[in-house]
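Each of the two complexes below includes chain A, the first together with chain B, the second together with chain C.
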Partner chain A sequence: MNAIIILSSLGIIAMLAEMFSFKKSLWYLVLAGLAVVFVVNLLDWNLDTPEQQFKNMILFDNYAVAFGGLIIILVFAWFLISYNHYKDSELNVSDHFSLIIFSSVGALILVSYTHLSMLFLGVEILSIPLYILAGSMKKDLASNEASLKYFMLGAFATGILLFGITMLYGATGTFNIVEIGMYVQKSSEISILFYSGLMLVLIALAFKVSAAPFHFWTPDVYQGAPVLITAFMATIVKTAAFAAFFRLFSNSFGLIINDWNFILSIITALTIVLGNILAAYQTSVKRLLAYSGISQAGYLLMTILAVNQESSKMALLLYTASYSISTLGAFGVLYHVMKSKGSDSLDSFNSLGKTQPLLGFVMAVSMLSLAGIPPTIGFFAKFYLFSNLLSMGNTYLWLVIVAIVGSLVSVYYYFKVIIAMYAKEGAASPLMLTTFHRALLIIITGLIIIIGLAPGILVSMDNFKI
Partner chain B sequence: MGEFFKYFSPSIYNYVILSSILFAIGVMGVLIRRNIIIIFMAIELMLNAVNLLLVGFSVHHDDTGGQVFVFFIMAVAAAEITVGLAILMMIYRNTGSVSVDSLKNLKW
Partner chain C sequence: MSKFLVALIPLLPLLGFLIIGLGNKKLSKTLVGFIGCGAILGSFIIVLSLLFPFLNGTAKGETLSYFDWISVGNFKISFSFLVDQLSVIMMTIITGIGFLIHVYSAGYMSHDEGYARYFSYLNLFVFSMLLLVMGSNYVVMFAGWEGVGLCSYLLIGFWFKNTEYNNAAKKAFIMNRIGDLGFLLGMLLIFTTFGTLDYLEVFSRANSVQENSTIIIAITLLLFIGATGKSAQIPLYTWLPDAMAGPTPVSALIHAATMVTAGIYMIVRSNVLYSMSEVTLEIIEIVGLATALFAATIGLVQNDIKKVLAYSTVSQLGYMFFALGLGAYSTGMFHLTTHAFFKALLFLGAGSVIHAMSGEQDIRNMGGLVKKLPITFGTFLIATLAISGIPPFAGFFSKDEILAHAYEHAPFLWGFALVGALMTTFYMFRLLFLTFFGKFRGTEHQRSHLHESPLVMTIPLMILALFSIIAGFIGIPEVLGGSNFLKKFLSPVITSQGAETYAALSHAVEYRLMGASVGAVLVVIFITWFYYVQREVRPAKEGEQISTPHKVLYNKYYIDEIYNSIIVKPLKWFSDKFYSILELKVIDGFVNSWGKGVNLGSSAIRHVQSGSISFYLLVMVAGIILILLINNLI
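For the complex of A and B:
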């Protein structure tokens, strides 16, 4: 809880940086503030009775602390990557930083809400700064277009979400997700209002996590937005949206899983198939990563199908962590390629592995991890996810087969990047890496490989129950 | 006089139907119209249909939570549409048009 308050204050301080002219030191201040937020967030870990805050609107249980910690780490890593970009640019650094921090506040609310109004506010606080940031290259038509598309579809999805919440309220008389779960448990006949609300909420959240057939905005927005903002959207926003999705469905709708699992499994299969097939046709790496994000959203939806399994939370945490750090590594490299070559096409990656061994290695490891090839964290996360779904019986065997075929297809397009980097000839690019950036890339690569080699450290920890 | 209105007071399902119609008009507006300003108006219509229904349910359940939620929605919708109009201004400066047809740079 205090993490949210401190992070909001940090955002306000960042806004004041322009006025009181401490812009130069703002970056260090933000990093220090994020470290404090991380520690404060961890203080809520494993409380015997988690604190109910603000009349049961927010609850920092272990689930919220674990995902909150992941989000804060990702924001920290994002700031390390962005240093190079904001260090000597003409941009209003304090505006950008405060918007990013406010967006992270929304992410923290989304992982800890217990009241549907907080779900709505979290989604909005997360999205509204990003509408602005997606359009932050004011003269660039692609950026403008991305911003407007994101805004219109985001607002549209919010309308649908609100209508769904209202229907649920009409059926149950409460906004509290636990009380909605109790309503489901008690009532002998669930009203039609409840089911229409459930479907509308499902559609709205599918919009937010970019699941097919509601994924069409994602590639356009990811491609048009500035690359660092895309990195933020692809990692932090997706983690928060999935954490919110899971929290709602496990608390409220877990008992009537047989009423919605069919439609969600269709959405899941469609997302995996469409995301992987369309990614194979891309020539722009930025757009390829967008489609890869869509297909990974399909794998993540498989945890929500297993929402009643105790191990699903762990599977979701591992998969979001693996996807986010791998994607962040890929975007960290893409940022430098775009800056040195001015293009995000596949050709601009040619011979990167030879001219820039570090960048090439990081990109290759990230791609292998996203494709789910051992010994990376991505392989282990996928394995854990599939076995978690299969432990429920053979109901979803077909879905796991679709997912495995999908990841085989994904190997094709992830390897296109690796082949371009190591097997094709291309011009050398000047190196523009700062120390922070290089350190971060090395840490990301290390994490991907170390956790991939020894996954037991995370899962077998006895007191790590979320 | 009070008895008279009680006799004619609509049931909660009338509110549900009215709000659903308003919401559907909003959705169709977003999907069909090409002018971005009209689309913004359609989005507002969707949100206000929700507000109406929330107040109806709030009275139906005799619970003030729904009415408080309406204030949240109003405040956030105002903030959201402010950002939307700023984005629209930016696009108008660059393209000289407020039609969604001017947005066709990004595909596939």
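For the complex of A and C:
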């Protein structure tokens, strides 16, 4: 709870930086603030009676702390990557930073809500800054278009979410997700209003995590938005949205899983297939990562199908962490390539492995991790995810097969990048990496490989229960 | 026994490998040599501290567990070492001779640009070999087994700029892999039969299987196939002569003293299983004897100093297997031990000659080196006497024990084995006489460079010569007033019953056998001397007319050519066909059609992503309606 308050204050302070002209030191201030938020967040770990705040609207249980911690780390890493960008550019730093921080506040609310109105507020707080940030390259047509598209489709999805929440309230008389779960448990006959509400909420959340057939906004918005904002959307927003998705369904709808798992498994399969097939054709790496994000969302939905499994939370945490770290690594490289070559096409990656060995290596490791190839964290995350789903029996065997075939297809496009970097000839780029960025990229790659080699350090810790 | 100290034995060479390997370019030659030799010396000293308690009889075999290596369900492999009489003997040979050869190498390789690379490989080899003999289960042994195979490959192809050497390395590797497959299958069969791969557990459960049952025959035969690959027995022996492409100290360490004896160690280690399968023992006996004779005949006419020694090694390994096949496991180990000393010495001596001759290896171009290389000659002579079986040199006792076992088994076997021994004497003395006696036949340039090797090389020669003289004393038979110490020493490890009935021979018979063999050997030495020194007969030059049997032997029975035409060529033909038909058309077609399908689908669906918001909303709404519909239907 205190984490949300401090982070919000940090956002306000960032806004004041322009006025009181401490823009130069703002970046350091934000990092320090985030470190404080991280520690404060951890203080809520393993409390005997987790705090209920604001009349049962927010609950910082271990689930919230774990995902909140992950989100804060990712935001921290995002700020590290974007260091040069805001230092060198004419952009209004204080506005940008405060918007990013406010969006992160939304993400924290989404992992900790217990009340449907907080779900709604979280989604809005998360999204509205991003509508603005997506259009932050004011003179760029694609950026403006992305902003407008994101806003319009987002507004539409918000409408559906509110509609669904209203119906759920109408059926149950409560907004509290735990009480909704109790309603499901107690009532002998569940009204049709309830099911319709459930479906509408599911659709709205599917939109937020860019699952098919509600994924159309993703490629256009990801490509149009500035690359760092895309990185933010692809990692932090997705992690928060999935955490919210899982939290709602495990608390409220776990008992009637048979009423919605069919639809969700179709959505999952469709997302995996469409995301992977469409990615295969892309020639823009940014767009490729967008489609990769769609297909990865398909894999993540598999944790929600296993919502009643105790280990699903771990699977979700592991997979979101793996996906986000690897994607951040990829975007980190993409950012440098775009800066030096001015293009995000696959061709601009040609011979990167030779001209910029470090960037090439980081990108290759990220791609391998996203494709799920050992010894990276991505392999273990996929393995854990699949075995988690299969431990429920053979109901979803077909889905796992689809997912594995999908992964095979994904190898094709992830390797297109690696092949371009190592096997194709291209002009050398005049790129100079600062030591700071080098260290950052090495740390990200190190994490991908070390956790991949020794996943035990994450999964089998005795007191790490979420 | 300190767990930590024992762990250090293989760890020191591994550390040496890592330090030299990683610091390759930055370390000076002196430092490389110091680290490389020092690591092995350290191990050797620790091994000695283990050996003496065993010699006193105060220590007992012990299993030292370090950690669980693999643990999946019921399947558990621990990383653990078994230190007992057998592994201690092997460790002593590996680190002791290994150290001497490291020191020798420091001189021999001093002008080579790959000095550091050489020492890092050599240390890695010693590490792997120690793992092989120290492991307390077949998995650790297999890890070492593969490790020594890799190092052998790397060191045979050490001078990788020469394509022929690379081919020799590949040949060795591939033939070893064939054997390894047998070993691996044998291991898997052991696991499915006994449910464990730990030696002691397997042996204690051996009773659960009937003697001479199919399963025990299959296990032992498969393991033996592994041994034929590593220890160069028929039919997988042809890699060893080619392996002489590597630096000479490597031939001494890997291809004479240690790695090639891994197969013998493995069988002695598994003696409980082997004694349960008479068929396998018969096969080992036949293969061993056949290899011993076959390789010896080829050795008679070879002109490359290292090739002669290589065939001699194959032949001597055949003797060891022959002994094992007779059920005389400790005798096999005895010959392994003595052979390790005198064969390493022979190779190092040959290396010293080659060094002096500026790389020349053909004995037709040598001669008269006795004055220029006195130390090399002296030590080489001792080794030759040892391998020929002249008392009291080391080879006499071990070979005599094999012959006695053969006679006890069947007199005609003794006859065959003796013929082999006489051939050994002949080719060894032929080598000695042609190399060191007579007139110098090389070029003027070579003559001017002739010199005795530096002390760093000759001191190891002298130490090995000493052991070639005295190593046989560990197994003096009762008939000569000894007590066959080695046999008693190994008795806790060789637990199979009824195998060694050698004592059945009366002393009178034993005396007669010894007398006959020593007498015959002396006659052969005299003939050889008469032929090559007195009459100064010289081997035919390339292209000269030679008799047909001679030609067949000189061309090694055309075995390489036969293998080439009945195995390699058909295999190539098949793989060509498989490539052009199965791979290109069927598999590639199948795989590519998936790729094309994905691309096609991608390019088709791509157009749905039109960029128009109204269309997106339309699809979303259609999706929502569809979901609500489906939900109401089910």
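Heads up, the rule we're going with is that the second predicted complex is superposed on the first by the 465 of 466 C-alpha atoms of A that agree within 3 Å, B and C clash if a C-alpha of one lies under 4 Å from a C-alpha of the other, contacts with A are read in each partner's own complex, and residues count from 1 in each chain.
Please note the rule applied: a residue touches a chain if its C-beta (ideal position, glycine included) is under 8 Å from a C-beta of that chain, and two chains touch if they have at least 3 such contacts.
These numbers come from a predicted model, not from an experiment.
In the superposed pair of complexes, A:108 makes contact with neither chain B nor chain C.
Of the two partner chains, chain B is the only one that A:169 touches; chain C does not reach it.
In the superposition on chain A, A:233 contacts neither chain B nor chain C.
In the superposition on chain A, A:262 contacts chain C only, with no contact to chain B.
Applying the stated contact rule after C-alpha superposition, one finds that A:80 touches neither chain B nor chain C. Of the two partner chains placed by the overlay, only chain B lies in contact with A:128; chain C stays clear of it.
Of the two partner chains placed by the overlay, chain B and chain C both lie in contact with A:152. Of the two partner chains placed by superposition, only chain B is touched by A:117; chain C is not.
By the touch criterion defined above, A:37 reaches neither chain B nor chain C. Residues 148-149, 152, 156, 219-220, 281 of chain A contact both chain B in one complex and chain C in the other.
Residues 148-149, 152-153, 156, 160, 192, 195-196, 199-200, 202-203, 207, 213-214, 216-217, 219-220, 259-260, 262-263, 274, 276-281, 409, 412 of chain A touch chain C in their complex. Put simply, chain B touches chain A in their complex at residues 12, 16, 19, 23, 26-27, 30, 36, 39, 43, 46-47, 49-50, 53-54, 57, 60-61, 63, 65-66, 68-69, 72-73, 76, 79-80, 83-84, 86-88, 90-91, 94-95, 103, 105-108. Interface of chain A with chain B (complex): residues 117, 120-121, 124, 128, 131-132, 135, 138-139, 141-142, 144-149, 151-152, 155-156, 158-159, 162-163, 166, 169-170, 173-175, 193, 219-220, 223-224, 281, 287. Those residues of chain C whose C-beta lies close enough to touch chain A in the complex are 595, 598-599, 601-603, 605-606, 609, 611, 613, 616-617, 619-620, 622-624, 627-628, 630-632, 634.
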